[in-house]
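Common to both upcoming complexes is chain A, partnered first by chain B, then by chain C.
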Partner chain A sequence: MKLPKGVKAEDFNAALEEFRRVVGEKWLFTSDEDMHLYRDAYSLQWGEPNELVASAAVAPENVEQVQDVVRIANKYGIPMFAISTGKNLGYGGSAPNMAGNVIVDLKRMNKVIEVDDKRNFCIVEPGVSYFDLYKYIHERGFKVMMDVPDPGWGSPLGNAVDHGLGYTWMNYRDHFGSHCGMEVVLPDGEIMRTGMAAIPGSKTWAENKYGYGAYVDGLFAQANFGIVTKMGFWMQPQPDHFLSCVVKVPKYRDLIPLIDGVNKMEDQGLIGHPRYSCPMDPLCMQMEPEIYKPTPELMALNSRPGGSTVEEYQAYAEKQGHEFWNVVLNFYGPKETVFANWEYAKNTVFAPIPGVRFEEIENYAFPLENPEAIKKVRNKVALGIPNMSIFSIGARSAAMPEPGDGHAWFSPIVPRNGEEFIYAHGVFTKAAREMNITSAPISVTNVPMSWQYRTYLYLFPVFVSRSDKERNRKSIDDFNKLIKLAAENGWSEYRTAPIFQDAVAATYSFNNNILLKFQEQLKDAIDPRGILAPGRGGIWPKRYRENS
Partner chain B sequence: MISRRVFLQGSMAMGGLALAGVSLPALSSAPAPRQDKTSLSLFSAIYDSGFPASAAFGAAARQQGHSIHDIEGDVTGFWMDHLAEQWQHAPVAIAGLTHASALFVLERLGWDHGLRVIFRARHDVHADGHLDHRLSGPAPMLNAFETAISQHVSLGACVAGILSHCHVEHASSAMSIMARSRPGADGDHDDIPLVSWVIASPSSFASACNDFDTVERIV
Partner chain C sequence: MMKNLLGACAAMLIMIASCPVGASGQTGAERGQAVFQEWCVSCHGTGPGHPGTQALDLRYQGSLPGALEQRLDLTPETVEAFVRNGISVMPFFRKTEISDAELDALGAYLSRNNPH
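Entry: the complex of A and B
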């Protein structure tokens, strides 16, 4: 067992004994085997001495037990790290920012408090998964549509407080942005509610975000100022109809007018999540292997660090009859209007791009209840249907033949602008060649990831190996260099695994990192003993800043 | 041809439990499971019809009287329609021969219900036609597997057959076997490694060695 830094064994043991009295013997976990379950399955430090492993875990059943646990932690100075369903693969899993933290596992708090399909919201506890909420909604016939990430075993609350993203309509797919009101246990064990939820007997908890006064909710996401125990979310009413279509453009630089057109569509509220693809891109081939298939020639082009040149990919695309880029547009609403909006997209928005092609993929009337029909939906997440199909991708993809052991996402925020994205291709492929990066598919075929509304992500996985620790060490080094490189160009990560959170937080460095210093001041005032998730979001409490 | 490397990983004497099922004839030379008062009830044998060996496992498991489910590449339907509710009420055992990602998901879902992987094997196909099997779990299952594979029983049938040997009165072990598969035993070779596994309550079992629970490259 790794004891948390700065905690005496007798204090730790005394705290465990008190935790046990609060939650019961069954819900306190201390064995190595149990701690294995809280490791980050995709850790680049897997099996290394500095792997971020927890010392113990405690699983409270209700908010009162959370309060008691936090008070005990305060009494003994025990650092704690709260998880909801604890998945978050690619961004750190269940692992804390500091070895030896006690995990506060909130899976037992799994109540759906309320769903309303007239005013379109829900209120949930942290242990509710997307699967749970979907089942709850469908068993009761509520006419609301969820917004889900890939995969669907996570928690709406947990995903939101890590700034997770989804696949439907603009504001709904920003999961923290679509939250409304929360209940939080503060580091001293007090319980607080925000926004309209702060009104006793509030009737608009999940409808008005601000209530009155300072808006503090942001302190509880990608940060460490409290443990969120309830959260409201705005939900999309179930549409009458769903139409999914694709726009294909032939040339590399067509990305510029393509993005301009998509922005025009989306910012008028005509489409949901635009899903970009490139038939030659390794990640696209991996995510949709039934559609995008590798050939030996393409594998050779993709095998070089940084991929091949635009000209080589362009020649390959033309030989194969592929477009260079495509974007799937998803329309939601009355049947007449979704088809009218598609006509507008074809005839007005994208028609000026030479060689553009249009295809209708699928359309469905709601409610979509037939299991066989649901099975055939190409992108279930676009209809808010949680699933785990993303885990079968590796098994089916020939695009990345070497078996891997997970990944860490590199995911800087970039502008929704084709010229800038093409510039980013140049920056990252050059870096990949110079740094000889072979553990990540970096190429001029990389597509904008458009889950965030109003910005894109330049996202690629950095693959993990359980057997090649040297490769992992190089990947960590490469990742840190890429973080700096992105920042030099005005970009930085939206989300990252704990081992990179300090580096990412440091890039938000305007005026001598005043943003981080401000958060540290708040941390020291609100959590003077520094017990809640030390280091999360790059925010370290005084006790660990001084010892660093 | 068969070569064997066995190394003992632990020594936990445990009460014997057996999965309900009928042994295949080729498995009859393996040490017979003791007839125990308690047998582990298997909720379902999971297969993926997209992989010939896995499909063969499903067919063989069905022949043995097990309830079977085809995940067709994705565990979602099985989870949503069957397993989630079942495990909420009673965390019962399941077994499978699937791609590694399906096990990765089911293992973690099982953790939330106090279940663990108590038998785990990875079956890698080599270009020369050899199958490389790495197994860990109850010794009787490993021994039964070795016996069957040496008699060129197809992988699917072999894995289905050893379910009846899920019986852990002996030490929990790990073994690595390199074996040539019988040509056409499971139809075409699957070009990705498959894994076979049993997920059950750990109260009576040692968890299977986790050293090779690599996941497929996934996003």
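Entry: the complex of A and C
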């Protein structure tokens, strides 16, 4: 067991004994066998001496127990790291920022507090998964549509507090942005509610974000100022109809007018999430293996660090009859208007692109309750249906004959602009060649990831190998160089695993990193003993800044 | 990792779960089916969109079914090893997710067709 830095064994043991009295023997975990289950399954430091391994885990079943646990941690100075469902794979999983932290596992707090399909909101606890919420909604016949991220076993609350993203309508895809009001246990064990939830007997917890006064909710995402124990979310009504169509363009530089057209559609509120793909892209082939198939020739083109040239991919696409890019447009609303908006897209917005092709993929009337119909939906996430198909990334497939042991996502925010994205292709493929990066699919075929409304992510996985530690060490080094390279171009990560959080926070460096210094000042005032998630978001309490 | 687990499992005594009837009136296998539906089916169900099944189909190339519910060779010990250790992109599961009792039931369910 790795004890937390700066904590005496007798204090640690006394704290464990008090935790045990709060939650019961069954819900305090200390054995190596149990603590193995709290490691980051996708850690690039797997099996290394510096792997971020927790010392113990405590699983409260209600907010009063969370308060008791936090007060005990304060008494003994025990650093703690809270997880909701702990499924943040690719961004750190359930592991803390500092070895030896005690995990506060909130999975047992799994109540759906409220769903309202007239005013369209919900309030949930952290242990509720997207699968749980979907089941709750559909068993009771509520006419709301969820917005879900790729893996359905995650927590709406947990996903929101790491700025997670989804697949439907613009504002709902931003899961923190669509939250409304929260309950949070502060580092001294006091319980606080924000926005309208701060009104005793509030009737609009999950509908009005601000209430009155300073808006503090942002302090509880990608940070360490409290443990969120309830959260409200705005939801969307089920639409009457869903229509999904694809626009295909033949040339590499067609990405520029394609993006311009999509922006015009989305910013008028005519489409939901636009899903960009390239039939030659390694990640697209792994995300949708039924749609995009590799050939030996394509695998050879993709096997080089940084992939191949635009000309080589263009020639391959033309030989195979592939478009270079496509974008799936999803329309929601009355049947008449969704088809009218598709006509507008075809006839007005995208028609000027030479060689453009249009296809209708599928359309469904709501409510969509028929299990057989649901099975046939191409992108279930676009309909708010939680699933796990994303785990095809990195798993054994035609495009990934030698599966990995997980991945860490590199995901800088870049402008929603075709010229800039093409420029980013140049920056990252050049780096991949110069750094001989073979563990990440970096290529001029990489597509804009458009989950965030108004910005893109230039996202690729860095694959982990539990058996090749040397490769992992190089990947960590490459990742850190890529963070700096991105920042030199005005881009930086929206989210990252704990081992990279200091490096990413350091890129938000305007005026001598005043943003981070401000957060450190707040941290020292609100959490003077430095017990909550030291290091999360790059924010270290005084106790560990001075020891570092 | 896969080789290690398979090797360990091959060395284990093959046991058939006894499937006792619990207080709920359900057998272990029936409770295990519910656990499978809750935690496993989204990756290991049949048909497209189930990455666990697709990966195992590719691995076994027809020598074994990719869908776990169709396997005849699984033992409770094999199931426990994979749930608590993971494999490739499949992570391990904590006891706040799948308890030891639920894991026993899951093992009983997935080994129900094992003739040995």
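The definition used in the following text is that the second predicted complex is superposed on the first by the 543 of 548 C-alpha atoms of A that agree within 3 Å, B and C clash if a C-alpha of one lies under 4 Å from a C-alpha of the other, contacts with A are read in each partner's own complex, and residues count from 1 in each chain.
Everything that follows uses one rule, which is that contacts are C-beta pairs under 8 Å (C-beta built on N, C-alpha and C of every residue); 3 or more make two chains touch, one makes a residue touch a chain.
Only a predicted model underlies this, so the values are computations on that prediction, with no experimental measurement involved.
S.K.: Mind checking chain B and chain C on superposed chain A, clash or fit?
M.R.: They clash: once the shared chain is superposed, the two partners overlap in space.
S.K.: Using the touch definition from the top, say if A:F29 reaches chain B (first), chain C (second), both or neither.
M.R.: Only chain C is touched by A:F29; chain B is not.
S.K.: So, A:M1: does it touch chain B (first), chain C (second), both, or neither?
M.R.: A:M1 sits against neither chain B nor chain C.
S.K.: Given the touch rule stated above, what does A:F391 touch, chain B (first), chain C (second), both, or neither?
M.R.: Once the two structures are laid over each other on A, A:F391 reaches both partners.
S.K.: For A:A59, is the partner it touches chain B (first), chain C (second), both, or none of the two (neither)?
M.R.: Once the two structures are laid over each other on A, A:A59 reaches chain C alone.
S.K.: Using the touch definition from the top, say if A:P461 reaches chain B (first), chain C (second), both or neither.
M.R.: Only chain B; A:P461 stays clear of chain C.
S.K.: Kindly classify A:P289 by the partners it touches after superposition: chain B alone (first), chain C alone (second), both, or neither?
M.R.: Only chain C is touched by A:P289; chain B is not.
S.K.: On the A-aligned overlay, A:W153 touches which partner chain: chain B = first, chain C = second, or both, or neither?
M.R.: A:W153: touches chain B and chain C.
S.K.: Classify the contacts of A:I361 with the two partner chains as first (chain B alone), second (chain C alone), both, or neither.
M.R.: In the superposition, A:I361 contacts neither chain B nor chain C.
S.K.: Overlap the chain B and chain C contact sets on chain A and report the shared residues.
M.R.: Residues 33, 36-37, 41, 85, 87, 107, 131, 152-153, 375, 386-397, 403-407, 466-467 of chain A touch both chain B and chain C.
S.K.: Using the touch definition up top, name the residues of chain B that touch chain A in the complex.
M.R.: Of all residues in chain B, those touching chain A are 50, 73-77, 79-81, 84, 99-102, 104-105, 108-109, 111-112, 192-193, 207, 210, 214-219.
S.K.: Applying the document's contact rule, which stretches of chain C touch chain A when the two form their complex?
M.R.: The contact residues of chain C facing chain A are 1, 38-39, 42-43, 47-52, 54-56, 58-59, 84, 86, 88-97.
S.K.: Which residues of chain A touch chain B once you look at their complex with the stated criterion?
M.R.: 33, 36-37, 41, 85, 87, 90, 107, 131, 134-135, 151-153, 283, 286-287, 371, 375, 386-397, 400, 402-407, 461, 463, 466-467
S.K.: Which of the residues in chain A come into contact with chain C in the complex?
M.R.: 27, 29, 33-34, 36-38, 41-42, 57, 59, 85-87, 89, 93-94, 105, 107-108, 131, 152-153, 289-290, 375, 380, 386-398, 403-407, 466-467
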